[in-house]
Amino acid sequence: MKGRTPFTLYGLLAVMAALAAVASFSGVATTVLLVNLLVFAALAYSINFITGMTGYVSFGHVVFMAIGSYSLAVLVSTYSTSPFEGIALGALLGGLFALGIGAVTLRFRGVYFAIASLVLALAGYNLVLQFPQFGPGGELIFYIPFQPLTVFFAIWGIVVAEIVLTFFVNRGKVGLGIRAIKDEEDAAAAAGVNPMKLKLYVYMLSGLFAGAAGAVFAWSTFGVNASSAFDLTFSLQMLAMILIGGMGTSTGPLLGASIVYLLYYELLTYPRLQGGQFLVVGAAVIVIALFVPDGIVGIIRRKYPSLKPVIE
Amino acid sequence: MPAVEVSNLSKSFGGVQALRGVSLSLGESEVLGLIGPNGSGKSTLLNVIAGVQKPTSGTVKLGGRAISGMRPDAIVKLGVAKTYQIPKPFASMSVRENVAVAALYGRRLRSVGPALEEADRTLAIVGMGDRSDLAAGSLTAQEKKRLELAKAIATGAKVLLLDEVFAGLSSEELRDSIALFRKMHEELRFSALVVEHVMRAVLNVSEGVVVLEEGRVIAAGSPDQIVHDERVVQAYLGSKGVGT
Amino acid sequence: MALELRDVDSGYGETQVLRGVSLKCGDGTITVMVGPNGAGKTTTLKTVNGLIRAWSGSIMFGGEDVTRLHAFERVERGMASCPEGRRLFPRLSTETNLRLGAYSKRARDSVDETLQDVYGMFPRLRERAEVRVGRLSGGEQQMVGIGRALMAKPSLVVLDEPSLGLAPKLIGEIFEKIVELKKRGLSVLLVEQNAFQALNIADYAYVLQEGRVVNEGPPSQLMDREELKKAYFSIE
Amino acid sequence: YVTSQQGTSPPSQRGTIKVGFSISETGTFNVEGGKSLAGIRAAAQWINDNGGVVVNGKAYNITLDYYDDASTAGNIVPLYTKIITQDNAQFLLAPYSSGLTAAAAPLADQYHLIMFSHGGASDSIWAKGYQNVFGILSPASTYLKTAIDYLKANHPNDKLAFLYANDAFSIVVGAAAADYAKAQGLTVVYNSSYPATVTDLSPQLTAAKAAGATDLLGGGHFNDGLLVMQQLKSVGWTPSFISLLVAVTEPAFQQQLGASANLVTGPSQWETTVNYSPSAASTAGVTYFGPTEQQFATEYAKFDSTGATYHSGEAGAAIIVLADAIETANSLNTTLVRDALHSLHIMTFFGQYQVDSTGKQIAHAMVLDQWQSGSLVVVAPSTATTGTVEYPYTGS
Amino acid sequence: MVASYFLSDPSVLLSDLVFGLLLGCVLAVVAHGLNMIWGVVKVVNIAHGEFIMLGAYGAYFLNLYWGIGPLASAVFDAAIGFLVGYAFYYVFLHRELRGKETVSLQSEMVTLVATFGLSLVISTLALIIFSGNVVGIDYDPGTLLLGPVSVPLGGLYVAVVSILIISGTYLFLERTFIGAAIRAYSQDVTATELIGANPAKVASLATALGFAITMAGGALLTVFISVGINPLMGTLYAPISFVIVVMGGPGKMWGSLAGGLTLGIVFDVLQAVATPQIAFATGFLLLIPVLILRPEGILK
């Protein structure tokens, strides 16, 4: 591992550079499309930290996204700050909340953790409605100029940071410890791994990036609304993306997000499918989950073992 | 000063009293055998010392310092490592990585590279060098036990708590394993608490033997004394067991 | 012939483990298989009870070709096993685990009697009847594993290292129990590292090495009894 | 001006005006979206069949360029960017709901295109300083005004309970109504909101009853409207006057509740039964534009056999007003059409249209409906009524 | 301000408790089907809500065309659900689960995502076929007056039926061989096979039962809260079901009832003393202390 050329990282960064070039030089329609794609990729990477790496299914992950969205929306609409401050606050609060929440919920394993995270999303929705600061019915809308390229580079930066971190976490000390936890948590502790510390660390990263991505999402939609900010479908989409791409890997989330989002968007704008696109998306998700259960990275790993250094 | 000092340790699970005031001390570099009928509390004792379970009462001291109640990972870093009676390998990781985890975290190494090197050394010592790239999940039952031992050693622990690492070996393998153990002990000078039902192993590796029954120490002494202790024969070895 | 393997190949995924294994287990006899670590003993038993498929060759059980049958179908025909690692249901109680052993139709009706039988054999388990099996000690779990196999009222029991983790006193008892099973007309296929005691009760033995049967015969022919005796309790 | 004679210029030689928008055919707003879409298509079809939009003597057909936004805010920006920059739409309609409208509105300003909002009634949209966004609807804060005016005039001693959903729209409606009622000197004894995901409202209803309320106003969506009605029965409370948002004006409300729907009232932007007509327009001193009520209903039936609701009306009306503004400006230029939209004061089948300087609707009036013996009767305001309020509600 | 009415009139508290209990039973019965599938077969059925919805539509159409009441429809729904469950097992789960020693995390994720896809497909189809318009059943057996408290009979019937269903499944799992095998399956698939049970048969039966209960639950749901039946109604009940199952302890049949009642009472009583938002937030967050103090659910 040590000294091995990090092909994967170079490859991913090259892809990101290419995306930046495309976003800068092709039309606005492409740019906004890439913004959405990268928002999903950022979310997929964020849930990958906790679910992909440790196997703790974060069912209510959308709650961190909501924290980010509201951070930005409150700052921009109430205090008229720049969206960048909103992203910073979203990331900060996302990370802090993850630490606080994780300190309690990461003690629960398996389904218990999954549902503990789910109740936070359900409760969060109701709490947002309780406080008028988050707007009537949890809706805050704001008007700032439409600057697709600025939004693009904000989310681009977030994804690049996630890629680099995912890569190094996976390769490094933490990654080895986390894989041990994923397989046998008690035995990991008996080997000297402090499971809580490692889990909290990746959960914090996970919350931080989900917060940042949520903030960009609010920016790109000029507002936030309680029922969509806490929409559990987001959590499920994130899980589907990492499963389809390849759980825990540094290429998987980007692959999964691209496939799911582009398929979805293509179908959305395919005129004859109006209203029925979810049939196709749903069917595709079913087929991929059942027939390619270890994701695209998994297939490549099995079929072309020689490509391993490039994809992992 | 003894390496590990256990005083008056009790542990109950709901109604079950697994340990009832166990005291024993394990000297520096000493190998102590721990035997007793099934369910007499041997594994529980190891678990409590290693911090995997919290004692109901009593204390465990390591080099004079109380460690009872500490987290297992903290105890490992202080130099106490345990194997699982039912092996718990990190199944999806390679054998090498399994051991590297223990080296990396047990010895507080900073990066993966040196840990892998340490893992290779340890695997060579326990004779599993040729298995290092296999997924730990595909090892045989015996190899998984050996892997447990390798992990414990790789943590750099000065005190090993070994739960039935000699079980299930054929006669020849047992002979080799005993020799291996002695060699390692000579080199590494660790102290060890060896839980074992295979008497040949207990008698050959340990300087002293402690016998548990229903959570109590019922006898302690040299291997020779123990084999001939009436109570031990009665409760554990079985009258027909010895010598036949 | 209770069981007969003819020229069986098998393994995991792409890895072949067994290479042309043939063995027989006569009606009402105890057949023991010994061999070094990794020889393929467990793999043989798994192929016998159907947890893995034979790649080629055939498996006859009670005069019927069971090569293509699922594990549960073999149980239904009277083959019960206590596998490596025991495979108990950790969150169910001891008693439920045992009762589940009598799942197959042949055993269901007499479940209560068989249960008393098993408790008679392992009184310790009666005390632990209501405890979740996952919380039992290693040896106690081993007893549940053997007990559960017996609950199936089998004509053949397949045991993978039943003495593993048992106290010496109990090991002696276990082997006595196995002999008792034989007396009741059961056939036993046994893998044991406790070669001395195992061969002591065996009618016939096989030695496996690297997936092949390298030696077979009545135990008396296989090994020098005196040497074994020494090997067991000697201080080296 | 759209002539009612066919064939000013044969449709084949006409130009086209592309109106782009996204609509919720799936997701949370699928029902409202479906009704809106049918209304839009019906209105556009009617205009095209009746001479098109005439600019400088040339007739134009309205073509619609739309996508399903799945009720999801994340889809709005990519879809509208595509509509604007790739499909080259000349005018825009907003999506359904104020949240989605907020995501689309900045693009209208950025690309200097008119955007007509037909399904976003929240007042907040008009407080953001958009240049090009116009509304057709009465804003949320005025929804229950007609009902309160009625109570003030006829039953000033009633004690009012307000119970409404906690979503961006309903909470503005409810809170503004409670304030308005107090300002009118009525007694408000209970005032509470609930999340749309509520599963049991009996505690609220019991509390309101215990507080001595005689009238119940509020609601939010179809589901909770129904829930309120059912649980009124189970908690044993029969208010004298009930006015609920959204649910009441759906035919399914009456189908499901049967007799207990009788005499329940609800505010509505529009009903197929309202009688805004050219003669009503001349009484009000404004011009009438577009299809009559009857013509719209006939056209609508071709696109949706289950009948028009106010969502159909408001969305259709947006197209009609837009067409009139283009003809008034006699240009397709955004700035000129925008000026026209600011100065226009007309009546359509949907009611009056006039906006303030922010683009917010000020002339359109809400109506109050009441179920009477199995049919929905418009009981207020007087300009649109087809019957009078029956009081009190009896529960059967 | 709400709290004061509540304090001044004890019958209000009593009403809220009664309504909370009834609500709890309704919630319990819709969660119960999930408990079978998820707590027992370990399949996180994200499409749970969609099957509740289908159950509700089943009751609606039976009522519409044949005038059958929701309670009777529940039986019919259960039969359909049973078949659907079998189909579901063989289409969705069999491939993934067969040959596995235990239901691993990977398998849980796979079935989770696959059922997510299924929920998209079903709700989209439902939108196309049923249209988004809300429908409902006009079924009102009246109310029972108990002093100052009025109890809706519909709710009472549902409560009784849900308790019957829960006791039935409890007895089935505890007292029959196949029931015990179902519990065993979730812990070790290989071992289930070794006791002579066909794992596919065991798992498919559990799935079928789970679906039968889920769809029957959908029908019962239309009684107490006949809030509109619509293609998206599942999104409301699915998350609540998940919380209830964990609160009561997955795989514990009475756990569904314990979880349902807890949520029902907390929701309704707190709705009256505080706000509904606080009530829901508290009800959901209550799961956390429950998990800390009783890691395996409210029931022992």
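Order of writing sets the labels: A, B, C, D and E. Residues in every chain begin at 1.
Everything that follows uses one rule, which is that contacts are C-beta pairs under 8 Å (C-beta built on N, C-alpha and C of every residue); 3 or more make two chains touch, one makes a residue touch a chain.
Nothing here was measured: the structure is a model prediction, and the numbers come from that model.
Enquirer: Please tell me whether A-E or C-E has the greater number of C-beta pairs in contact.
Expert: A-E
Enquirer: Between subunit C and subunit D, what's the gap in Å when you average each chain's C-alpha atoms?
Expert: 77
Enquirer: With chain centres taken as the means of their Cα atoms, state the distance from subunit D to subunit E in Å.
Expert: Chain centroid spacing, subunit D to subunit E, equals 37 Å.
Enquirer: Using Cα averages as centroids, what's the distance between subunit B and subunit E in whole Å?
Expert: Result: the chain centres lie 47 Å from each other.
Enquirer: Give the residues of subunit C that touch two or more other chains, as numbers and ranges in rising order.
Expert: Not one residue in subunit C touches at least two other chains.
Enquirer: At least two other chains touched by the same residue of subunit E: list those residues.
Expert: In subunit E, the residues touching two or more other chains are 124, 127, 275-277, 280.
Enquirer: Mind pulling the residue numbers of subunit A that touch at least two other chains?
Expert: Within subunit A, the residues that touch at least two other chains are 126, 129, 182, 275, 278.
Enquirer: Please list, in label order, each pair of chains that touches.
Expert: Those chain pairs which touch are A-B, A-D, A-E, B-C, C-E, D-E.
Enquirer: Show me the residue ranges of subunit E that touch subunit C in the complex, using the header's touch definition.
Expert: 177, 180-181, 183-184, 187-188, 190-191, 193-199
Enquirer: For the complex, which residues does subunit B have touching subunit C?
Expert: The contact residues of subunit B facing subunit C are 13, 16, 35-40, 43, 85-86, 138, 140-143, 164, 167-173, 175, 178, 197, 199-200, 203-204, 223, 235-238, 240-243.
Enquirer: Applying the document's contact rule, which stretches of subunit E touch subunit D when the two form their complex?
Expert: 2, 5-6, 8-9, 12, 15-16, 19-20, 23, 26-27, 124, 127, 131-138, 140, 143, 145, 150-152, 155, 225-228, 230-233, 236, 240, 264, 267-269, 271-272, 275-277, 280
Enquirer: Enumerate the contact residues on subunit A facing subunit D in the complex.
Expert: Subunit A residues touching subunit D: 27-29, 32-33, 35-36, 39, 125-126, 129, 135-139, 141-146, 148, 217, 220-223, 225-228, 265, 268-269, 271, 274-275, 277-278.
Enquirer: Which residues, counting only subunit D, touch subunit E once they are in their complex?
Expert: Contacts found on subunit D: 26-28, 30-31, 34, 166, 190, 192-195, 197-200, 202-204, 206-207, 210-211, 222-224, 226-227, 230, 233-236, 250, 252, 255-258, 306.
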